[in-house]
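Report on one structure; see the data block that follows.
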Amino acid sequence: MIAYLGRRVIQSVLILLGVSLITFALLYLLPADPVRQIAGRSATPETVENIRRQLGLDQPFFIQYWHYLISLLSGDLGRSYIQRSEVTELIISRLPASLLLMVGAILCELAIGLTMGLVAAVRRGTATDQTLMVASFVGVSTPQFVVGLLLLYVFAVQLGWFPIGGYGTWRHLVLPSLTMGILGAGWYARMMRSSMIDVLRQDYMRTARAKGLARGAIIFRHALPNAILPVIAMIGIDIGIFMGGIVVVESVFGWPGIGQLAWQAIQRVDIPIIMGVTLVSAFAIVLGNLLADTVAPFIDPRIKLR
Amino acid sequence: EHAVDPNAKPGGAITITYKDDVATLDPAIGYDWQNWSMIKSLFDGLMDYEPGTTNLRPDLAESYEIAPDGKTFTFKLRQGVKFHNGREMTADDVKYSLDRVTNPKTQSPGAGFFGSIKGHDEVAAGKAESLSGVTVVDPYTIKFELTRPDATFLHVMAINFSHVVPKEEVEKYGADFGKHPVGTGAFKFAEWTLGQRVVFERNPDYWHKGLPHLDKISFEIGQEPIVALLRLQKGEIDVLGDVIPPAKFQEVMADPEQKARVVEGGQLHTGYITMNTTMAPFDNAKVRQAVNMAINKDRIVQLINNRAVPANQPLPPSMPGYDKEFKGYPYDVAKAKALLAEAGHPDGFDTQLFAMNTDPNPRIAQAIQQDLAAVGIKASIQSLAQANVIAAGGDKAGAPMIWSGGMAWIADFPDPSNFYGPILGCAGAVPGGWNWSWYCNKDLDAKAAEADSIVDPAKSAERARMWSAIYGKIMEDAPWAPVFNEQRFTMKSTRMGGADNLYVDPVHIPINYDNVYVTDVQ
Amino acid sequence: MTSPIAPDLPATGRMPARPRAGVWRRLVKRPLALIGLVIVAVVVAGAVLAPWLTGYDPNEQMFDGLTLEGAPLPPNASFWLGTDLLGRDLLTRILFGARTSLIIGIVANGVALLIGTLVGVTAGYFRGWIGGALMRFTDLMMAFPALLLAICLAAVLQPSLWIVAMVIALVNWVQTARVIYTETSSLAEREFIDAERTIGASAPRILFRHILPHLLPTIIVWGTLGISTTVLLEATLSFLGIGVQPPTASWGNIIFENQTYFQAAPWLVFFPGAAILALALAFNLIGDALRDILDPTQRGRA
Amino acid sequence: MSKGATSKRTGAPAPAVSVTAGPVLEISDLTVSVRGEDGERPVVSDLSFSLARGETLCIAGESGSGKSMTALAIMQLLPQPAARIESGTIRLRDIDRGDIDLAVLDERQMRRIRGDRIAMIFQEPMTSLNPVLSIGRQLVESIEAHTSLSRAEARRRAVEALKAVRIPEAESRLKQFPHELSGGMRQRVMIAMALALKPDVLIADEPTTALDVTVQGEVLELLRDLQREHGTSIILITHDMGVVAEMADCVVIMRHGRMVEQGTAADIFARPQADYTRELLAAVPRIGTGVGRQKSAEQKSVEAEMPGSVAVVNDLHVHFDLRGGFFGQVNRRVHAVEGISFSIAPRETLALVGESGCGKSTTAKALAGLVPYHGDIVIGGRNLAGLGRDQRKAVRRDVQMIFQDPYASLDPRMRVGDLVAEPLLIHGIASKEERGQLVAALFERVGLSADQMELYPHEFSGGQRQRICIARALALRPKLIIADESVSALDVSVQARVLDLLKELQREFGIAYLFISHDMAVVENISDRVAVMYLGQIVEMGTRDQVFSNPRHLYTKRLIEAVPVPDPAKRRPRFARLDQEIPSPTRKIGEDPPKLALKDLGNGHLVAVS
């Protein structure tokens, strides 16, 4: 176990290095000059060059990357070009909110998606099944902005059950998590249905029935753990997809997460922030996958940590 | 001290929302419309404007003197003004602040405004640490020597970049001063929860007795304007920091109760199309004039729910030097076609139109595109992030046409010269510059310098006439097609009090924090 | 041609009496699949025949398409689905937008699925360094937040429809690859694959004839869900100015341009949204039916 | 459901057995049909029999005759939605509630019967346990489902059940997962699970088919023990007449979904009435009867060493490396095959026998090129090690393999006709039409009809599937066929036919066989020479006669002893049970297993000396 984790950590570090190099290269190639933005519209060309020199942006690519890596080692992600603050500080201040939202969203997607998938698989071919599958597609196909605003109108403005955006208590968390969860739930519902149908065909399901177990026990104890395996792997993958939705949802609900930070940084080509957010997300994704892979053997004892 | 609204009641707290993060509150660095007026409430400069107007008046300075040659300015400072940390502000602080903002290490986007001060070039080049033209005569007197007469200098002393900062605090926080601002302003900084909230508190020691009225202002950050409007409608917040979302504008204006809470006003803004005068076919003035005639400005104004007025010259109507008589180019498709034919493009040509990607700019670009198509010009749209458009504009071979919306010129200070230098003068027509039409007319540069050397306030009308002439000449060459001047619509809660012009203050966007008040305090 | 190696058994064998019912014939016999096929046909026909189906130009901003205050018009007799914020006919734009969205939803999504499947299958079947290298690369790609990667890629390259399609394909194959990899590695352990190898089946044959059909259910699930996802991803990219450039319509960018108006002008979001949903659902219906038809253990199921 | 069926039941002939108590289960006029692409067809028709308390009823019959379907119908577990009970009644005699017709019970009511009153052990022990739940959990839950025992009590009961099926260290096994147990152990767990609730009826569907002889002996003994202790009635489905003779009180013979004959075991074996029964009994391979091949007497063992050998294996080693440690380095190794040598001459059948896990399949896979190996494999005079890819492909064509599990070795998504045609296609033999005819001929040759070419593997019974595999192996007319437990899953008559077929093909085309089996009777029947494997090494090798009439190694003796005799009169008293599993071939790196030396006892009869 320790050995396995050790190996995975080394692998993860290599992956993060790769991510940083590729992102750095892409940003380097970007057709926008951050220095001009820093220097402002009244700056003379000399001032611009001066600032470029100070930021080390006149250096060749690999030297720049090398410097970046060196400071990365001490946890320094550089200073934002636009906000002028430590990227590390900016990210740390916003990370908890995003993580919270992510956890909330994952719980929502799992709760909604798995239930839908399970019911659909068990009632395969019936009207319930069809309805649920259409619903899952509606979830996947509706832009999150619209979902978010709709939920906000109904549950916050009209019914007043939840606050109109903001951050702090669990009541603030409900609507944003739900908004993000509805999209993911569609995916999980489909995956779950598919894998559940497969499991229901297995010999051991017949054994379970032959033992005279109750329907609930058959489905939840025998089928679910087997069917959920591919879904677990999906959670690891999911974290990467999250970044897309988090931007929209955070801004609709005024959620102070890194999605908003990333969005503003992209708009203004604030390279240190983009780099930082990418690395942090990559880290989260790698961690998520590691977690998924580590949890899998506990659900399926046949899987060995390799 | 200046007059204070007699109806104002002291006390109370208000909440304002913004979509975007507050970047920094360092006066040497902050340069977007959002933190611009926030900084103005935390810091003071030697000069300021009367609330709700563009009229200059002394602020930290009690009085000033201009030498007859217009090259020496001497300011007498107000005594007993204290920084939020309790120390008294003196002339040394003023000098320190200017040395700091011009020092390249500060990386201030406003350093260029101080180009006329003696010694600026040495400091900018890193050869000197201190501006030789700024002298502390005594703790309450400071003298500026300029290399040339500069009529805009008093405005420069009113912009944020020249606001006074205490050395010890700057050194304490270093690069993070922008997150821990300490100034002399009406409000002092209280709290900053990154990504969520910035809170200002009344400065009890503010030199201007009776100001500010409010005890506390909370800026809530990161909320979609459409949601912020919902909260405003529910009475949860007091002022919408961002513009009223276009999707909701008509709903608001159709409801008399809500409409009553919207204040409309002009602003020092012009939206325009630049044409790269160094690129064929826009190197031909006839083509540029044709473009000017091809644009249906009324239709574009209609598209943005009539939230602007059509423009025919670079300067906005509320700017001194605006030429009311000037008729500009009429909307005339036939004439435009004829001009194009004269220029050798009877069948039009293909080109590109760059625009920023936030609503409503892509829409406006599409309207322009259709207008151009009507005279045969086939423009493909490049709708990009702000930074990319700016990069393309600063590249001589980058962008044939740019719609300026979203990045457009909101004046730094209410002076006609502010629309010239970096965006129409030769100085801006350099790689990385902001003169996206690459228009460089040495003649006009000379005329502009001449106008700006008229320092005597008594001759300001003459100076304005000179600027009108300059812009008139520019319009003949037509490097731009001015499209509209945006109007401001600020929406507030019912409890907000104060004159309307405080809510559309031309230099304080969205509102003048120092002078507004709430009506529901005892 | 008789081969000397062929067993010289008495050739008394009869040819099978029952002709195989073609996949297509079995597909159209299922009502749900038929609905799906009809929807796809309608969308494709709409996209192809768009210029002849409406009297409007998709990019023409009509004077009578806006109110005096600049508000779009709701559905009415002359504009069946209403107009958009520039006074253009929404129906026409949706018809023309189908072209873009079909390319993104089917071509880009299809390419992503193809790459994902190829990488996943190859890595899952060939252990050793090829599989290892492919999977490490997949892990690397997966570690990128998808949207950020798309944005960076699209910004570096010049935006155009095909570039956007390519970027979407490049970003979206990863998850599929991961899932397919896991399934392939377990399939490769199955005995019938060994059996194929003993009769001398080549690797491509095993991969395409024997492993691929088993992956079909997964591929169908990911493929159909991918339609909505990619169409909306294209819109996000457009929104950031790195997608399809205006005034070219796509279902996604019609929604994104107008999503803030979903209360003031709901038709602007509803109709293109319904179009995306219908397309995705149609493919799902076809996919579901195909999966059952191609899965012999499901024969006899209605 | 037809009403007529019920009334006819009373007229059904009562079983000729005289077991004291009345019948617990009575089936009358059961018809089960399966819906296919072209309508429904019955797979069990008008089946009637009854099961008395404490009795063992064996259902025998050829593969595909509907044995499993009958069992599943009783349990109401027919494959959905394809199969259904069309008519008939299944009466369970209940002391408290009188008769219940299981055929009309709904799922809820049926749930109370299953496991509690009727339990079932399935044909596939490997896949019938839930892989993600511990043994304990699976046992305890079925106890909890039908009793109101506390968790601790249920656990105690579970341990008891495990002890009853003679699982060593029962207590600690509860925490183990199915994949950690061998096939035999798993089957014992299945039995424990079925018996934990002391059901009235136990249905065991080929419970030993997948197990090797020694384990089979143990399991059968176990069933008998348990029946003695609890008085359970057992329906034992099998095609092994040896098992029938050993176990049955009463026998039902089925064919094509219909009952052919019914009677006591003694009657059936001594005085079979139906032709089919006689045929079936005649087909049963009997050990020591010498009905083997006439030729074997004059065959000399030297023949094997001749240069004309189809295959020569010399010092074959197959290791599986197990990874562990920080960098995933190899730290343990499975010595699956540890230095074996043999050769096979044309027209010769070499049988490889031994317990489960001794390395038989691995040897076969090495020969078929499916696992990397050390040592030499020479086929048709060419050493595989020195060949390029194309040449290897050509050589490989001469070696074909028939796998242990016919279902697993056929791609379930291909039509069987295509599967059989595939080797021809790959090697570019014959045109499309000719291929069709060749395949049809192959089908008929292995006893299937050409019509069935259009079906998919899951639509066949186990035995039919195996015939498909044989047809497939034959398609290339190989010089050597490796048959890995290929007939174990077949019913006797088919087995006999397949064995005949194999022999016939051998005569005709000179095919050599490497015949892997745990059924010593079959081995004796078909083989020329026999090699006995134990823990990856050969412990005894010689001609059939040498090994069977003069077994020298202890292990060989044990194997022969374990074979059930197909004669109820000659029931063995008790079979000595082995409660542990066989030793593991897995060792740490560097710890190589000791190498056994083979001694020639004359005429090529090799025996390991330790």
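All chains are identified by letter, namely A, B, C and D, in their written order; residue positions are counted from 1 within each chain.
Going forward, contacts are C-beta pairs under 8 Å (C-beta built on N, C-alpha and C of every residue); 3 or more make two chains touch, one makes a residue touch a chain.
Quantities reported herein were computed from a predicted structural model and do not represent experimental measurements.
Trainee: Find me the chain with the mean Cα position closest to the mean of all the protein Cα atoms on display.
Mentor: Answer by centroid distance: A.
Trainee: If you tally contacting C-beta pairs, which pair wins, A-D or C-D?
Mentor: If we tally the contacting C-beta pairs, C-D comes out ahead.
Trainee: Between chain A and chain D, what's the gap in Å when you average each chain's C-alpha atoms?
Mentor: Averaging C-alpha atoms per chain gives centres 50 Å apart.
Trainee: CA centre of chain B versus CA centre of chain D: separation in Å?
Mentor: 87
Trainee: Nearest whole angstrom, what separates the Cα centre of chain C from the Cα centre of chain D?
Mentor: 46
Trainee: Taking each chain's centre as its mean C-alpha position, how far apart are chain A and chain C in Å?
Mentor: The answer is 23 Å.
Trainee: Spell out, as numbers or ranges, the residues of chain A touching 2 or more other chains.
Mentor: If we look for residues of chain A contacting two or more partner chains, we find 30-31, 149, 153, 266.
Trainee: Where in chain B do residues touch two or more of the other chains?
Mentor: In chain B, residues 226, 385, 388 touch at least two other chains, as defined above.
Trainee: Can you pull out the residues of chain D that are in contact with at least two other chains?
Mentor: Not one residue of chain D touches more than one other chain, so the list is empty.
Trainee: What residues on chain D touch chain A, complex-wise?
Mentor: The contact residues of chain D facing chain A are 75, 77, 107, 110-116, 119-120, 122, 124, 127-134, 137, 141-142, 145-146, 177, 179-180, 190, 193, 323-328.
Trainee: Using the touch definition up top, name the residues of chain C that touch chain D in the complex.
Mentor: Against chain D, the touching part of chain C is residues 1-3, 5-7, 9-18, 20-21, 190-192, 194-202, 205, 209-210, 213-214, 294-297, 299-301.
Trainee: Which of the residues in chain A come into contact with chain D in the complex?
Mentor: 3, 6-7, 202-204, 206-215, 217, 221-222, 225-226, 299-302, 306
Trainee: What does chain C use to touch chain A in their complex?
Mentor: Residues of chain C touching chain A: 136, 139-140, 142-148, 151-153, 155-156, 174-175, 178-179, 182, 217-218, 221, 225, 228-229, 232-233, 235-236, 240, 255-256, 259-260, 262-263, 269, 273, 276-277, 280-281, 284, 297, 301-302.
Trainee: Note which residues of chain B are touching chain A in the complex, please.
Mentor: Residue positions touching the partner: 17, 19-21, 23-24, 26, 29, 31, 104-105, 107-113, 115, 124-126, 175-176, 178-179, 193-196, 220-224, 226-227, 230-231, 234, 236, 385-388, 390-392, 394, 421-423, 427-428, 430-434.
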